[in-house]
Amino acid sequence: MIWQLDLILLLLVLITGIAALSVRDLLSSAIILGAYSFLMCLLWTEMGAVDVAFTEATVGAGVSTVFFVAAIYHTTRRTKD
Amino acid sequence: MIRRNDDLIIETLARLLIPFIQAFALYVLFLGHYSPGGGFQGGVLVAASLILLIIAFDLEKTTKRFSEKFNVICNGGGVFIYAGIGLLCILLGGNLLDYSVLSKILPVGPEEARALGILGVEIGVEITVAACLVSIFIDLAANGEN
Amino acid sequence: MDFIIAKYNYWIYIILMMIGLYGMIAKNNLAKKVVGMTLFQTSIILFFISTSVKSGGATVPIVMGDPHLHGHVIPGTVHAIQYLNPLPHVLMLTAIVVMVATFGIAVALLMRIYKRYGTLEGDEIVEIRKQETAS
Amino acid sequence: MSSNYPAFIIMVPFVSALLIFVIGWWNKKLSCGLVIAVLAAVFLLSIGIMKDVIANGTIRYWLGGWEPPWGIEYAVDYLNAFMLVIISFVSLVVTIYSKKSIEKEIPDKIVPFYSLYLLLITGLMGIVITGDLFNVFVFLEIAAISCYALIAVGRKGASYSSFKYIVMGTVGASFYLLGVGYIYLVTGSLNMLDVAELLPPLYDSKVVLTAGVFMLVGIGLKMAVYPLHAWAPGAYSDAPSAVSALIAPLMTKVAAYLMIRIFFTVFKPYFFVDVIPLASILTWIAAVSVIAGSIYAIAQSDLKKMLSYSVVAQIGYIALGIGLANKAGLTGAVLHILNEAFTKGCVFMVAGAIIYKTGSCNIVGFKDLYRKMPFTMSAFLIGAFSMVGIPPTCGFFSKLYLIIGSIDAKQWIFVAVLLTSSILNVIYFFRVIKIAAFEDVIPDYSRTTPYITYRLDEVPLSMLIPILVMAAGILVCGIFSPEIINTVIQHIIPASF
Amino acid sequence: MRQFLGFLVTMVTAALLIYSTPEMPGWGDPNSPASTHVSPRYIEKADEETHTPNIVTAVLADYRGYDTMGETMVVFVAGIGCIMLLRRRQHK
C-alpha cells in the first residue's frame, strides 16, 4: 500500500465522478463514467481486492459503457444539465 | 444500430482478437481456483468477445448464427446447472449446495469434491452471464427491431 | 488533522456517495440519474473494500501454495494476519453483479421512455404526462 | 425429505421459472397452468413448514452444510412461516386470476411475463426465509429488479413510473446495504442471530446508531412510508392489473416484515426504544403517513391510484404498530399484515376486473356497476368494510389491537389518528360505492326504447372466483382472528414485552 | 426546488456519516472485529476444506454459495427483463 498513489487515485476518482455528472453531453458522460470505473478498479487493485477489480474492469469499464453508448445511440445525446 | 460497414481493418482485427479473448475467458474460468477470476469474470469476457463480433460485423448475421432460442436456452441452462448441482446434493443426502456429498458419485475425497463442485457451479455462472449480457446488448442495440 | 489522514478513505467515500446521491435526486435528465446511481453504488463498494484492508504486510487473499503440493499448502500454516479479509470482496462481487443488472434494466427503460415521450428530461416528461391526463 | 422443505420452497419456483420457457415454446397457454401448479406445491410446502415450526420450534437449515456464522442459514420461526403462508397463498390466488387478465393486457409476452412473475415470488420468499443480512439484500434486489420489469409493461406511461421506482428502490437497497456494512464493520458477522448476540455491548457506539438509521431508512423506502412514498402510487397504479394485485399486497408487507426482523431480532427492542428514540420517531412518521395517504386518496379520481395511496396509508398502520413496540401494538401490526394481504389483493383484483370489463377505472364511469357486476362489487364492499374496520372483517380486529396498543403506550393522539383515518376511509370508499350503486345512467328519451335493460355482465369465472376467495378470506381471518393470534402471533412477540 | 431537496437530503446523510466516522475502527486495523470474528476461519481453513487456494472463489462459491446462486438469478432476471421490455416480436 503506497499512500501517495492511493491519494492521487482517490482524487482522480473524485474528479472523474464530478465530471461524469456535470458534463453537458451524455456520450461524454458515458465515456467519463468508463474512465471512472477504470480508476476505481485501479484503486481496488491497489487495495488488494484483485477479484473485485477484475470484475469492475470487465463490467464497469467494459460492458456497462457499451450498454450506455448503445442506449444513447437510440435516444439522444442532448441534456440540459 | 449495427449495420454492415465492410471495414477491412476492423474485421481483421476482430477475427484476430476474438479467439484470444475467448481463450483467455476459459483460462480465467478454469484457473479461478488458483488466481483471480472465476465464472463471472470469464462470462463477461465471453460476452465482450461476442459484442465485439456484433460490432465488427453486423447484427443480423450474428443473430442468425446465434438464435434467440439458443440464447434463452444458454441463459436458463447456466442457472439450471447451478440449481441442478445444488439439488443433486440434496438427492445425495446433503443440504442444498453441500458439494462434499458429491464424493459419493465422484472418485475423490470430500475436499476435492468441493473443489469440483465449485468448478461446476462456476461453469454454470459463466454460461448464464455470457448469454445474458449478450442478450441485453442485442436488445439494446436492435431497439426492438430484430 | 491526524484523524482526517488516518481515515481519508472513508472521507473520500462519503464525498463520492454524496455526489452520487445529489446526482440522483437533483439532476433533471434521466440518464444523468442513472449515472448518479452508478456513482452511488460504486461508493458503497469502495466503503466495503476499505473495510477489508489490513495494514502490516497482508497480501491479496490467494494462498501462496507450495509447488510440490500442486499449489496447496500444509494445513495449519496459514495465518489470518497474512492475508486480506476476503469476505467484503465476496460480498462486493455480488453487489457489482446486482449493480450491472440494475443498470441494464434502467438503460432499457430509458429507451422505452424515449420511444414514448421523445425526451429524457424529467420536467418535460412530467409536462407531457399532465397534458395526457387532462385530455 | 421433510427436513429439506425450506430449501425446496425456494428451489421449486426458481427452477420452474426456467422450465416455463421450455413449456412456453411448446404451448404458450400452458405456462400459466404450470405457474399455478408450482404455486400450489409451494403453498403445501409452506403449510408443511408452518406445521413443523408449530411442532418443533425454530427450524435451522444450514446451506452448504456450513455452520453459521460462516455459512448462510435459514432460521425459520413463527414469523417467517406465517409470512411464507401469506405470500404463497396470495400469489396462488392472484395467479389464477391473472390468466385471463394477462391474456388480454399483454398477449405477446406471456412466457417471459410468467417467468419474471415466478422469480418475483421467489425473491419475496427468499427475503422472508433467510437468516443472513446480506442474503436479504440479494433477494431484495431479485424481487425489485423483476418488479421493475413487470411494472414497465403496464398501461400507458408505466415506464416512467417504473423508472422512478428504480431510482428510489436502488437508494433504498443501497442504504440497507450500507447499514449492513456498518454492522459488519463493528461485529464482523452477517448472521442475524449471531449479530443479535454480538451487538448489545456496542449499543453506545455511533456506528451502530448509524447502521440502524440507514437500515431503517432503506427499508422505509421499500415500504413506502409517507415522506418516502413517491414511487408507490405510480408504480402500483400503472402496473398490469395482475401485477398490481400481486405487489400491492405483498411487496410493502415483506418490507414491513423486514422492519420487524431488524427491530426485534437483529437489534434488541430496547435499542430503538430506550437507547435511541427511533421507535417514537417511527410512530410519528406512521401517523403522518396514515393521515396524508388517506387525504391523497380522497383527491384521486382513478380507482387504482386511490387504492395505491391507500396502500401508503395502510402501511402507516403497520409502521405504527411496530413503532409502538408493545405487545398489543405488535400483534396489531402482524395481524394487519395478514389483513392487508387479503384486503389489498381483493380490491386491486376488483379494480383489474373493472378495467377488464370497461377498459378504464375512472370512478366517474362506475355508474350501474352494481347491477352489471354484483359479485365483484360485493367483494369490493367487503374489502371496503375491512379497510374501514367494520366488525366481522379482519380489519376491525387489527385496528382494535392497534388502538389498544396506543392506549397501552399512553399515546392518545394515535388513537385519534386511527379513528380519523377510519372516517377518511369511509369518505373515499363510500364515494366509489355511492356512484356504483345508487347513481343511474340517465335514460335517453330520444331513443325508441329509452330505458336501459340491465344485463348481468360479470367477469369470467377464473377471475371471479379468486376475488370471492379473497373476500371470503377477509371474513374468515376476521372470525378466526383469536385462533390465529393464539396459535401463531403470540409466539412472534419478543419475550421482553 | 429539486436542487434544494437534493442538497438537503445529501447534507443530512453526510452529517450522519461524518458523525459516525470517528468511532469506526481505524483504516487497515488488523484487530478490528471485521478481521477477527468470521473471516480468519476462511483464510486459515479454505484451502484445507475446499482445496481452493483462491479464498475469494472458495467463499464465493462454497461457503456463501447461496448468495452466488442469488447473483446468477439476478443476472437471469435482468436478461429476461430486457427481453420483455424491448423485444417487440414474440420469440416463436
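Order of writing sets the labels: A, B, C, D and E. Residues in every chain begin at 1.
Note that contacts are C-beta pairs under 8 Å (C-beta built on N, C-alpha and C of every residue); 3 or more make two chains touch, one makes a residue touch a chain.
A quick note: this is a predicted structure, and the numbers were derived from the prediction, not measured.
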item	value
Shortest path length from chain C to chain D (each step joins two touching chains)	1
Shared chain contacts [chain A and chain E, defined touch]	B, C
Label of the chain whose CA centroid is most distant from the centroid of chain E	D
Remotest chain, chain B as reference, centres from CA atoms	D
Distance between chain centroids, defined by C-alpha means - chain A, chain D (Å)	38
Geometric centre distance via CA averages, chain E-chain D, whole Å	26
Inter-centroid spacing, chain E versus chain B (mean Cα positions, whole Å)	22
Inter-centroid spacing, chain B versus chain A (mean Cα positions, whole Å)	25
Touching two or more other chains - residues of chain C	8-9, 21, 24, 28, 50-53, 55, 58, 60-62, 65, 71, 87-89, 91, 93-94, 97-98, 100-102, 104-105, 107-112
Interface hub residues of chain D, defined as touching at least two other chains	14, 18, 25, 63-64, 134, 138, 141, 145, 148-149, 152, 159, 184-185, 190
In chain A, residues with contacts to at least two other chains	1, 50-51, 55, 59, 63, 67, 70-71, 74
Of all residues in chain E, those that touch chain C in their complex	2-3, 5-7, 9-10, 13-14, 17-18, 21-22, 24, 26-30, 32, 34-36, 38-40, 42-48, 51, 53-56, 59-60, 64, 67-68, 70-71, 74-75, 77-78, 81-82, 85-86
Chain B-touching residues of chain E, taken from the complex the two chains share	48-54, 56-58, 60-62, 65-66, 68-69, 71-73, 75-76, 78-80, 82-83, 85-89, 91
Residue numbers on chain C that touch chain B, as the complex places them	60, 62, 65, 71, 93, 97, 104, 107-108, 111
In the complex with chain B, residue positions of chain A that touch it	50-51, 53-55, 58-59, 62-63, 66-67, 70-71, 73-74
Chain B residues touching chain E - in the complex, by the definition given at the top	32-36, 38-40, 68-69, 72, 75-76, 78-79, 82-83, 86, 96-97, 99, 111-112, 114-115, 117-118, 121-122, 124-125, 128-129, 131-133, 135-136, 139-140, 142-146
